[in-house]
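Okay, got some structures for you below.
Same chain, two partners: chain A is paired with chain B first, then with chain C.
Showing the complex of A and B:
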């Protein structure tokens, strides 16, 4: 790759990098894709891909804590953060990969591996709401985006095709959206994923329940959750592919050539007939054994091979800048031979255009190490995540959790409303996996039953059957506003195995979000009382993200929604990229991924970052003409 | 009977009342041998044989009398400082597939210098064969998938 100049050099093979790579190669451009993780995940020969994935499965089965990164190799030369390392701070700065310096630890992770974090995402595919793009003008909070919902809508449709989203438009009901939220007669590629047995019981219990909040009364409702996992194709869906139209200079959704054509679910990368439907493995996070859940390797596999050069074990360290023009002249990298050795070779990859798609935190690290995008003074700032408050209890009747996809229904009622002038909005997914997240169930319940309740034999079996089958878990995923102080920085005192910077993170949660903890806990209390749920929620003060507000203690968790750090904006002083996702300071540099998001809203960010990646690819193609 | 399967009948016999599952369900997991081997490896031959002899005597003396069996299991096994921790480990191994670390004091006194007393799944299969999943009306997460849309109905009664 040393001697070749590509049209585009992309750093990172997660969903953003893969969408850009696929779109550009299919439009005939020569692309070099650099991946920091191992080659193994990208083994597209059938046997190699299958064998590699079975290794992941074995690691998953034997992992004591089945956390998001548990199945995947722990590579010292391209380390991934791990949620098991998110200790309370108390002077401990550097447990694991992140160096945590804030008041609270940042408790989300990502995967530095081929396919990126889509290897272990849940697959929830919600669009942002129109008001999420204009928080300043509507609610006097944070900033407005330089683009709006209407701009992103066609790209959302491209993203939904790429991921293969399963949902029914008819039961998608959100606050403060018009009839035009989805296009006229729009359908998703596949029908909705069937809602769980828990959901049905919950929906019945919630029906008609009046909730008081801030002196107002709400009648909350439930909506099935759109998901990136294979369901039954919708025969009304008519889009075959996203293609570059050289005449209009736009990306367009192309119709199927024949009326009889229907959408075909994309199966496992080693076998198109595997994973054609979700089989209910109930392990979407951290790993779908059959790849019925979308991951970015599927997108990468459909890139045009002859136009794609893909190199793994290459960690981008820095971008080189021509100081006279501001243009990027190359990506400097370190290529390691063995995952944990200190040996590496150095090189520079060259292209006409450069795309950083290495996750919000890694992108910020590379920019900071390069002293790039300096005009804005906000590189690395505005790190955001959904602060997830969990509440849990026992339903009156058996609902049989630990089955099916992680979540199939949510309460969207509090995703938008006038309360956002005062506190954060949130979405409430109903969880299908019992108390696994907050308490480590089911084995912790087993240990309690055997060691504390002194149960054994038939009594133990009956107890497990009675208790674990009634577990209910609700999430309250509260939005966080962009704050300059919540940021990623670099420090030469904190380097990794091959001398690259580790992310130094300063993080806290402000009153806007803390007020939403109080409000959502009150909503949870009312729901539990109204449905006769025995509340087992507790927030111990020794948990990593324990915090207090208005004399009450709360424990929140990271959602894995790593957003901000190179936000999109209206001027080169207030933002890192413009509305084209092009760096203000460097004409041939595009940043993609959730790092561009100016505010967070209440949707899981992957669908939005996928839509933004299509928009970025279109802008790059225009610039390359 | 070769060395690896010695005591397997006794191990299965006491595992039936300890787990609440019939012998055929325990055999069907395919894990009995591996669990007994794990006990032997970590607590030693002597302790394992002593334990199996003790449990065989209990089962023999009480015969099919369930209240008597419950009393003997509680008094002679669960309440015993010597056999209690091991009994609870065997129950949890059947239910979850993992070995839990026995207390250091117990290992020092009864486990001699044997190694491997850390928290670990016996094997990938052990995780998948845990009895807990069936007991709660589910299946091991990531394995033995019940099929599309199965999660939207109640599990079939056993």
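Showing the complex of A and C:
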């Protein structure tokens, strides 16, 4: 590959890298894609893809703790963070892949593997709300984005096609959005995933319940959650593909050629007949056994093969910069022989344009190692995640959790409002997996019943049947503002197996978010009281992310939403990339992924970063002209 | 544009229908006869499903992955074909009959309306079973003519139906069926290839091309050309997928039907199979025994599924979802049966018999 100059070199085969690779190759550009993880899964042959995925399944079945990265290979030469390594920090936490030096541990992970973190994402596909893009001008907090919702809207539609989002527009009701949020005629590619039984019970219970917050009264409502998993195609959906129009120099959604054409759900990468509908296997995180849930390998597979060169086990270490022009001249990499060996060969990949798509934390690491984008002085800063406060209890009646995908309904009421002048907004998904996340249900319930309560036989069955079937779990996913102090740095004292930097993370949660813990907990208390839910929530002080606010202790969790670190902005001093997602300091460098997001809002970031990736691909195609 | 040359070959052959040289066969000349033959088509497509499922279920879990996936893919396509045939019959004002005593064949059986050259049995996954599958899916050959009643290949049978469709359509509109009876792509899934809504001659022929193209895929006329036939993107026809299992070798992109598969070794472990009784019947067990009840339960669910599909193709298309749920249960019921010993080292299996 060193002898060849490609049009574009992309680092990372997650959803951002795959979307850019697919769009560019289909427009006829020659693309080299470097993946740090194993080749596993990138294989275009169905047999290889199938075998590899079955290996993932076997690892999942045998794993004791079925955490997000449990099914995927733990490669020392391209390590992934693991939530099992998170602990309270006394000075420095040097465990696993991350080095943590902040007040609180950053508690989210990602996957360094072909297909990236979409291998274990939940699949929630919410668009950001218009006010999320203008937090400074509307609420006096953080910053405004250099782009707005209207700019991103057509790219959201492309992302919803690419991922294959299942949802009903008529269901979607969000605070402070107009009729043009989706547009009158818009439909999703597929109808919504059926909402679970627990959702239906919860929706009934919540109906008409008045909630007071900061002296205001709210009538919270529920909506079905748009999801990147296959369901029944909507015959009204008319978009066949996203294509590059050389005349208008734009990406456009192309209509189906025939009236009788309908959207065909994209099945498993090894078998188009598998995974055409969500089968309710309920193991979405960490792994969908039939690939009814979208993952980026599906996008990668539909790239134009003749124009795509894929190389795996290649870890980008730095980008080379021509100091006179600021242009990037190559991506220096290490290619390791075996997953855990210290042996590697070095090389440089060359193209006209370079795209870093290696997750926000990895992108920041590469930029810092290269001393790139120095004008901004904010590379690695503004690391964000949703701080997830969980509350749980027992419903009055049996609601039968542990059925269907992880979450099919949410309360969007507090995603936006004037309270954002004072504290964070949040979204509240209703969980279909009982108390699994906070307490380890159902295994721990059984353990407790047998070893502590000494139950057996009929009594045991009755107890388990009564307890598990009434479990309710709510999340309050609170937004975090960009803070310069929450950052990724590198330190030559912390290197990985082949001498690459490990991320050194400094992280904390500020009052803006802490106030939202207090506010959302009070909302939870009112919901539980109103619906007769017996509260079992507790926040032990020995949990990794235990924190206090206003004399109350809280435990929050990471949402797996790794955002910020190379934010988009209006000047080269306050941001790393411009509104084209092009590095201010390096004309032929584009950064993609959630790292570009200037603020977090209350949406799971994947849909937004996918939309941004289409926009970036369009800008790259324009630049390549 | 036809990307699959195997299918374009069959399309070419089907296009020939109605040419003067082909008038000598027993033509379909009335709408009543056309409807009857389409009902046979539905029964024909269905009759292949129990033997394929029987063999598929008999493969031990997590073994013979490649073979299991090949058979599974074919079964799903047979289900698609059955629904496509229902759509054609509905389009010409007929009423598919899916749920009645005679709909379920008594194995071993000849294929409906065939020339009775071979019988189809319920057999465990084995060479003889795959050999039968090859016979079922065998291409028609160069000189095969349309044949509605004593066909040697399924392609001939459908060619006679296309011929009848064309002849009758030329005499007046035969597409009088209610379009709300059509199963559409949003209802049917997982069956490989799109489901086609049928409402005119073109869509009817498209549906038949889909059926025949996926099955035999090829006829003698392209046997001699040297086009690349087995590119990795080509989801090639059933016959060739079964032939890979039979020969324990993959096709290479440069292989031709004549050369047979010359690629890598196709992994088959004929021993990783439940040793189940061939053409088993409920009557092999005494009334009132648990084993007999298990057999009955499977057959009951199978027939429940046929009843739901019957409703689905007779105006209640939203019912298909229910049928899918039953399909999952069938697998577990079949796996249960395969752990029931019958003596002589044999085990029970689903018998696919009609029960009320």
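Quick notes on this one:
The rule is simple: the second predicted complex is superposed on the first by the 624 of 625 C-alpha atoms of A that agree within 3 Å, B and C clash if a C-alpha of one lies under 4 Å from a C-alpha of the other, contacts with A are read in each partner's own complex, and residues count from 1 in each chain.
By definition in this document, a residue touches a chain if its C-beta (ideal position, glycine included) is under 8 Å from a C-beta of that chain, and two chains touch if they have at least 3 such contacts.
Quantities reported herein were computed from a predicted structural model and do not represent experimental measurements.
Under the clash rule set out above, the superposition-derived model of chain A with chain B and chain C shows the two partners fitting side by side.
In the superposition on chain A, contact is made by A:277 with both chain B and chain C. Within the superposed three-chain model, A:240 lies out of touch with both chain B and chain C [touch as defined at top]. By the touch criterion defined above, A:262 lies against chain C but remains apart from chain B after alignment on the C-alpha atoms of chain A.
With both structures placed on the common chain, the touch criterion links A:60 to chain B but leaves chain C unconnected. Of the two partners chain B and chain C, it is B that touches the larger number of chain A residues. Within the superposed three-chain model, A:45 lies in touch with chain C and out of touch with chain B [touch as defined at top]. In this overlay, which is a superposition and not a single complex, chain B and chain C have their closest Cα atoms 6 Å apart. Of the residues of chain A, those at positions 277, 279 touch chain B in one of the two structures and chain C in the other. Within the complex, the chain A residues that touch chain C are 44-47, 50-51, 54, 232-235, 260, 262, 264-265, 267, 271-274, 276-277, 279. Note for the complex: chain A touches chain B at residues 57-58, 60-62, 64, 66, 194-197, 199-200, 231, 277-283, 287, 289-290, 398, 400-405, 408, 432-433, 442-443, 446-447, 450-451, 454, 456-462, 464-465, 468-469. The part of chain C that touches chain A in the complex is made up of residues 65-66, 69, 72-73, 76, 184-187, 189-192, 194, 196-197, 203, 232, 235, 324, 328. Chain B makes touch with chain A in their complex at residues 17-21, 70, 73-74, 78, 87-88, 91-92, 95-96, 98, 100, 119-121, 123-125, 127-128, 131-133, 135-139, 141-143, 145-155.
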